[in-house]
Amino acid sequence: MSSNHDRAIVVSALKHAAPYIRLFKGKTFVIKAGGEIFADIQKTHAFMEQVGILQQVGIRVVLIHGGGPQSTELATALGLRTTFIDGRRVTDGDSMNVATMVLSGQINTRILAICRDLQIPAVGISGVDAGLIRAHKRPPVKRKGAAPIDYGFVGDIDSVDADILRKQLDNNLMPVISPISCDEQGTILNINADTVAAAIAAELKAEKLILATGAAGILEDLDDPSSLISYIDRSALHKLKKAGKLADGMLPKAAAIDDAISHGVQRVHVISYRLPDSLLLEVFTNEGTGTLVVDDIGKLTPAEQSPAS
Amino acid sequence: MSSNHDRAIVVSALKHAAPYIRLFKGKTFVIKAGGEIFADIQKTHAFMEQVGILQQVGIRVVLIHGGGPQSTELATALGLRTTFIDGRRVTDGDSMNVATMVLSGQINTRILAICRDLQIPAVGISGVDAGLIRAHKRPPVKRKGAAPIDYGFVGDIDSVDADILRKQLDNNLMPVISPISCDEQGTILNINADTVAAAIAAELKAEKLILATGAAGILEDLDDPSSLISYIDRSALHKLKKAGKLADGMLPKAAAIDDAISHGVQRVHVISYRLPDSLLLEVFTNEGTGTLVVDDIGKLTPAEQSPAS
Amino acid sequence: MSSNHDRAIVVSALKHAAPYIRLFKGKTFVIKAGGEIFADIQKTHAFMEQVGILQQVGIRVVLIHGGGPQSTELATALGLRTTFIDGRRVTDGDSMNVATMVLSGQINTRILAICRDLQIPAVGISGVDAGLIRAHKRPPVKRKGAAPIDYGFVGDIDSVDADILRKQLDNNLMPVISPISCDEQGTILNINADTVAAAIAAELKAEKLILATGAAGILEDLDDPSSLISYIDRSALHKLKKAGKLADGMLPKAAAIDDAISHGVQRVHVISYRLPDSLLLEVFTNEGTGTLVVDDIGKLTPAEQSPAS
Amino acid sequence: MSSNHDRAIVVSALKHAAPYIRLFKGKTFVIKAGGEIFADIQKTHAFMEQVGILQQVGIRVVLIHGGGPQSTELATALGLRTTFIDGRRVTDGDSMNVATMVLSGQINTRILAICRDLQIPAVGISGVDAGLIRAHKRPPVKRKGAAPIDYGFVGDIDSVDADILRKQLDNNLMPVISPISCDEQGTILNINADTVAAAIAAELKAEKLILATGAAGILEDLDDPSSLISYIDRSALHKLKKAGKLADGMLPKAAAIDDAISHGVQRVHVISYRLPDSLLLEVFTNEGTGTLVVDDIGKLTPAEQSPAS
Amino acid sequence: MSSNHDRAIVVSALKHAAPYIRLFKGKTFVIKAGGEIFADIQKTHAFMEQVGILQQVGIRVVLIHGGGPQSTELATALGLRTTFIDGRRVTDGDSMNVATMVLSGQINTRILAICRDLQIPAVGISGVDAGLIRAHKRPPVKRKGAAPIDYGFVGDIDSVDADILRKQLDNNLMPVISPISCDEQGTILNINADTVAAAIAAELKAEKLILATGAAGILEDLDDPSSLISYIDRSALHKLKKAGKLADGMLPKAAAIDDAISHGVQRVHVISYRLPDSLLLEVFTNEGTGTLVVDDIGKLTPAEQSPAS
Amino acid sequence: MSSNHDRAIVVSALKHAAPYIRLFKGKTFVIKAGGEIFADIQKTHAFMEQVGILQQVGIRVVLIHGGGPQSTELATALGLRTTFIDGRRVTDGDSMNVATMVLSGQINTRILAICRDLQIPAVGISGVDAGLIRAHKRPPVKRKGAAPIDYGFVGDIDSVDADILRKQLDNNLMPVISPISCDEQGTILNINADTVAAAIAAELKAEKLILATGAAGILEDLDDPSSLISYIDRSALHKLKKAGKLADGMLPKAAAIDDAISHGVQRVHVISYRLPDSLLLEVFTNEGTGTLVVDDIGKLTPAEQSPAS
């Protein structure tokens, strides 16, 4: 960056970013990133570099990661099978072991190692640590005219103790959270990472919950990628769901979004990790790149709709 | 425990334990437990119950675990091979991934889940978190008349930042440490758990470093299990080593013991996890069950030799 | 304790005690001990050793002592007379001086000296210090057809400022309390030690109030020592009182127990200091040795009735 | 105070006192008051009112009291005898008990009760509490050609733990100290109150040590009350002692003064409690009323000699 | 002060002042001093000496100053004109600049410099600093049958953030406040110093608001200086105002007094800086020298009416 | 900023700035800005916007301002004369008053008002506040063959108490400092703002001292604006001075720079406020725009020379 032109750009961009930095400094962002991002070292690096910038300008960032593809991969290598029902993984003992190793072991450690390289002070944690998540094994779900669905070692959250996260954030450490959890008897349980992210965002009263996914956002028409919805509220989201316009993978996300907003999270963003710099663009420009979900569009004042995306 | 006799025993034992509790309250014990302990759920439970009692009477406990057998098992299931030189594992990329998943994922999580069951407030951490361990990849070791040994992704410790452990202990949380570490560029590295335990004990200026192993302790005669040494100092340990009387697995332990003591750890205990309640017996009785290593027996005052084992 | 058998006992007892320790750690126990205990150096030592163990395992112990026999002894040596009405001492100026010297001087100091020997960090205090107890001189009690009873320098408590006790407990110091108090004009007043203990337990929202007395506990039949009541609630205690089944010395205790429970103290224990180790047995075994008084037995869940005695 | 003249006096006096208040605010004064003061309720009140004013203007006041006459009185009433050698009391078991009751019980409590009346937040403490004073029983003193002197339960100070006093002062509480102390085995010991005051002043690095006595101060000529020395340093005090010009009661005071100054206390004042308002006059006027002892008069700058008395 | 008589006076005055000191220690006094006081170096010194004594005896003093005469003087020297309506200054751009320089520059700095000389730890601040005062420009006031009054750069207070003042007071610093303020767009605004003082006293829940003025206090009869009202409540003050008996300069003061009391300030004093020592006399004598305004005289208990003036 | 191109620029600039932000977060920058900047509202706004960005990204910014032109302007309006010797202002009583009003009143308040508008939490302070600067009046400077130079109310710094600044910075407040100071007797003194900035930078052990001036930086040839020196060390600066190559206005700056570096300030930057965005360019690009002065260029490692400008 040696030319005067380039240097002017840096200054102009800093001035552009300054009101966002002031607005978000000290606020909490809960970011959930799907396992696909971490299947590739370049993607991981590009994503974490963006996360690191958020952390460096003073945002209290909490990162929750998934690990579906990697779990499938290890299960396959070990000759295990994976089953999904309604977009949620069914988990037997071996699968649970695989998920634990992949999520709390491989992926969590890799993210922390990249944080070391990027000089982001970070610390790994899972729902099993220090009572962070109190969960119970989901009871088999009864179905009319069919056998109940037993999701195996799948947990539902009873409560989140966000105190340990607040202490880490106060110490300027970014928590990197694996969604593996357990019940009070120490049975290890798998919980959907979107669900964990929503529960933690609710408990931390986060300013934003950002879901980084493989999709561009929420689509008006499932078959038309150009039908991206930029701005939507809960009631419209409910209508989409009832109309069957949410893709399979989006169903648990929609439930998580609904849960977070109903517990006071102001804004939920769905962005695509495939789009370069989508995280920074979403946070530091008014237009963003994905879908922003709020409680009730009608209630927002014009001021609330800008300058924060 | 309903008879008067039984009740009298409880009281008598409490009175026996009281001076130990007073002596050790607020002191730091670093305990290293080999992977074998955690290969079996009953053994794990029995061991962690003892650890929990230490924590409950006010000792600041730091637990470091290994995971050799489990890593070997997963590597075998995945068709990988494991090589050892001088009692230390050689680690290629796949092995490193396996070790990461097993140590930081499977074993660490299982220990934390059992802590949840035993109501021990604990938190998992590895050398990768928040700069806990700064390490570098070990350069290939030159050998006369032979190819250099390249241990692969094996690390040597540059420094330990014990501050994060102290904060956890101050918050009444027991750190459960996986020895997986990394260098400043984020290359994940394997480090011998004994070595990690010794470095952490040194940095925390621990009162005790306790190594729970499959052996009964240090033996005078490798072939005679009854030749257990109860009490030894560094110079005598050096002599044993020079005389070739230390078993292969004991070699890295001896180096770790030497390192810890030379950095100010007062007492290092080698105990067998096979002996029931060996941890409690070692801490709460004068005789103990394994081998106690000190700096220099000659320098101890009679008072220092008792009542602490 | 050299045999394997003995050592196993220690371990077994520690495991037995561990859940109690976890349950009571950080909780407040207010213990009131009658003056008889401190009339004998062996008894004092045996009792304080038990108190010290409670303190060492992390219980926040507050000790209140009486001093009736010693006051009587000194009064006799000085040629003074002591009068009791309804189990409460009547206090003229000389008696008040004697009580002050014996309670705040002799007994309090002796307890602290034994604490020094037992390495229990403790600090003496009385109701006169720093506004701990705000009291007023009891007005003469009118009686039909008889002269009013003037209890002399006997006080009734207006309020307790427990803040100073909390600071001492936070500093890991055990308060040893003499019940001598005063009014806001500095008139020194005698207050029944059971009453002081109940008021302090109420103010500290203590987990337990333990009254260590010369009696085995509360008896069903005053004349039958074997009729000890193990477990009773407030309404049953009221019935006993109405039926005239409470001994003279037990009357003020019953009022204090009632007061403590009505202000939120969960459990009040009446134990005998004559029974060896009664304090430890009461705390660390389910059966205990004396009488446990609760608010309403019917309301307790089974879980609440165990494992804490 | 209704006339304009009177009101002008108040204002003028406040202005006079203001620089002293600024100078002494937050500084520590250790005041030792002999037992004679507390033998009379009017004297006690008059003295404590002055102490309270010092405390109210922001001085950190520590008060140590004696109790010789009262101990003698109680001993007499009980038919005991008291012996003095070299101005120090010899203490057998009964005497020790009497001293404990009188000093830690009667006098300490009375002072605290008056503090309650004067709204001085104060808390009683003795050398036995919480390791405040670590002492040992004085071994019998050998004498040439005579039997060794055994002072009985008389202690010599090993160390003072001033931390507990600092916490009380930080909480705006005035410590009222009885000199009764003990050894580490809990043997209760008598220590001269001047000696205790000097040791505590040294440990607290007090600005002033003030000894309030029955004498007007230190006299040039023992037989001439008008020969009061206003200002003296250590070497001159040593000369007086060698010349035999110190009265019996002044001998232990002189040793205490010497000890305090040699440990860094800047100024030691000897004043008479008989002179009305002597404490306030000593602190708030340049001239004072008694004897001021400093390390070395020659080393003082003119500024140091004024305006502080 | 060398005679015994003089010294006795100091002691007697200290005893007189002690209960006031105890009563006011740690309480907050907001003192507003008109610009006239600071037009003369001797007057300033005499007044600040009194303020310093209040601060030294432990009162949390906040000082707000005016600067009318000095502003007029500088405006005159610069050839500007000043207009007043209803006792409030009308402020154009040049006048605002003059007021800023005089109040926040000249007078504030001079007061701080005198504080340096008097060893009063003080720090200057204005309504512009750190959001201390959030104000808005007063909209032109409509009048029937006349053009609206535009007060120019005159502000009305929206809110006071007293946190910064509390931090300064906690650090033992006396805030010296210039009433210059601004709106959220940074337009500098003039606000009447009495109004600022009342708003700050209300926000700090001050014990006293003291207005030091050129007048002796509030008069019954404007033309009769001997008709000073010593004691008045709000309703009587309202009656005086309605009856037109308040002087021009007293009108904004009366509104400020009313505002302070309605927001919980207990006592407002109006005193004359012309009377020597009026501030100390008002605080440290029952009679005071000026007018004391309370909420409702009828509601005061006798105890509340004394001993505090 | 609606086009994709523009949005990409923001992201790219953020990535560029991130390592600088990480490097400087929590570090202290002392910025001195000459009075010329504040003579114009647009310039002030443009400069303060840059300062605000530094503050918002986590740098601890301390701003010191001058006020020469404005003082001259007011002095002229009042008919006073200003004299300079060796680039330093001579200050009589009237000039001192003018400087106080202009610097501590007008300019300081205007900067704070703009901070309010820019949402920069800031607080004004001068050397007179709370002992920030302890100075003495400069004694007349003797000259050979000429009358001594009396600079009037010009001060020289004895010491800086940076504690109050650290507290403000810890509270996230930016100190805005007027260089007006005083001696211990309260005589108000003028001190060169560069000198004050250097002394404060030294006391705060600032990472950078930045002098924003009317000149482009330090020139090799006074008459050739293109001869700007980018990088220089102390010895080279000394040579320039000896060779007479420093402009008059640069002489006190050179002394201040020398003083700051000799007291441990790592880097001093001289930049021109005339160049748009010069402050941001200097901090966030390697090349900068002005002159960087370091202790000794030869001692810098290559790493130290980059990436921080």
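Residue numbering begins at 1 within each chain, and the chains themselves are lettered A, B, C, D, E and F in the order written.
Just so we're on the same page, contacts are C-beta pairs under 8 Å (C-beta built on N, C-alpha and C of every residue); 3 or more make two chains touch, one makes a residue touch a chain.
Because the structure is predicted, anything quoted here is derived from the model rather than measured.
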Contacts common to chain E and chain F (chain labels): none
Most remote chain, CA-based centroid, reference being chain D: A
Pair of chains joined by more contacts [C-beta pairs], C-D or B-C: C-D
Most widely separated chain from chain F, with each centre as the mean of CA atoms: C
Interchain centroid distance [CA atoms averaged], chain B/chain E, Å: 69
Whole-Å gap separating chain A and chain C, where each centre is the average of the chain's CA atoms: 56
Mean-CA-position distance for chain D and chain C (Å): 36
Sequence positions of chain F contacting 2 or more other chains: none
Chain contact topology (line, ring, star, complete or other): ring
Order of the ring members, counted from chain D so that chain E is second: D, E, F, A, B, C
Chain C-touching residues of chain D, taken from the complex the two chains share: 74, 77-78, 97, 100-106, 108-110, 112-118, 121-126, 128-131, 164, 167, 171, 173, 180, 182-188
Chain A partner contacts - residues on chain F that touch it in the complex: 1-2, 7-18, 21-22, 25, 49, 52-53, 56-58, 119, 277, 280-281, 284-287
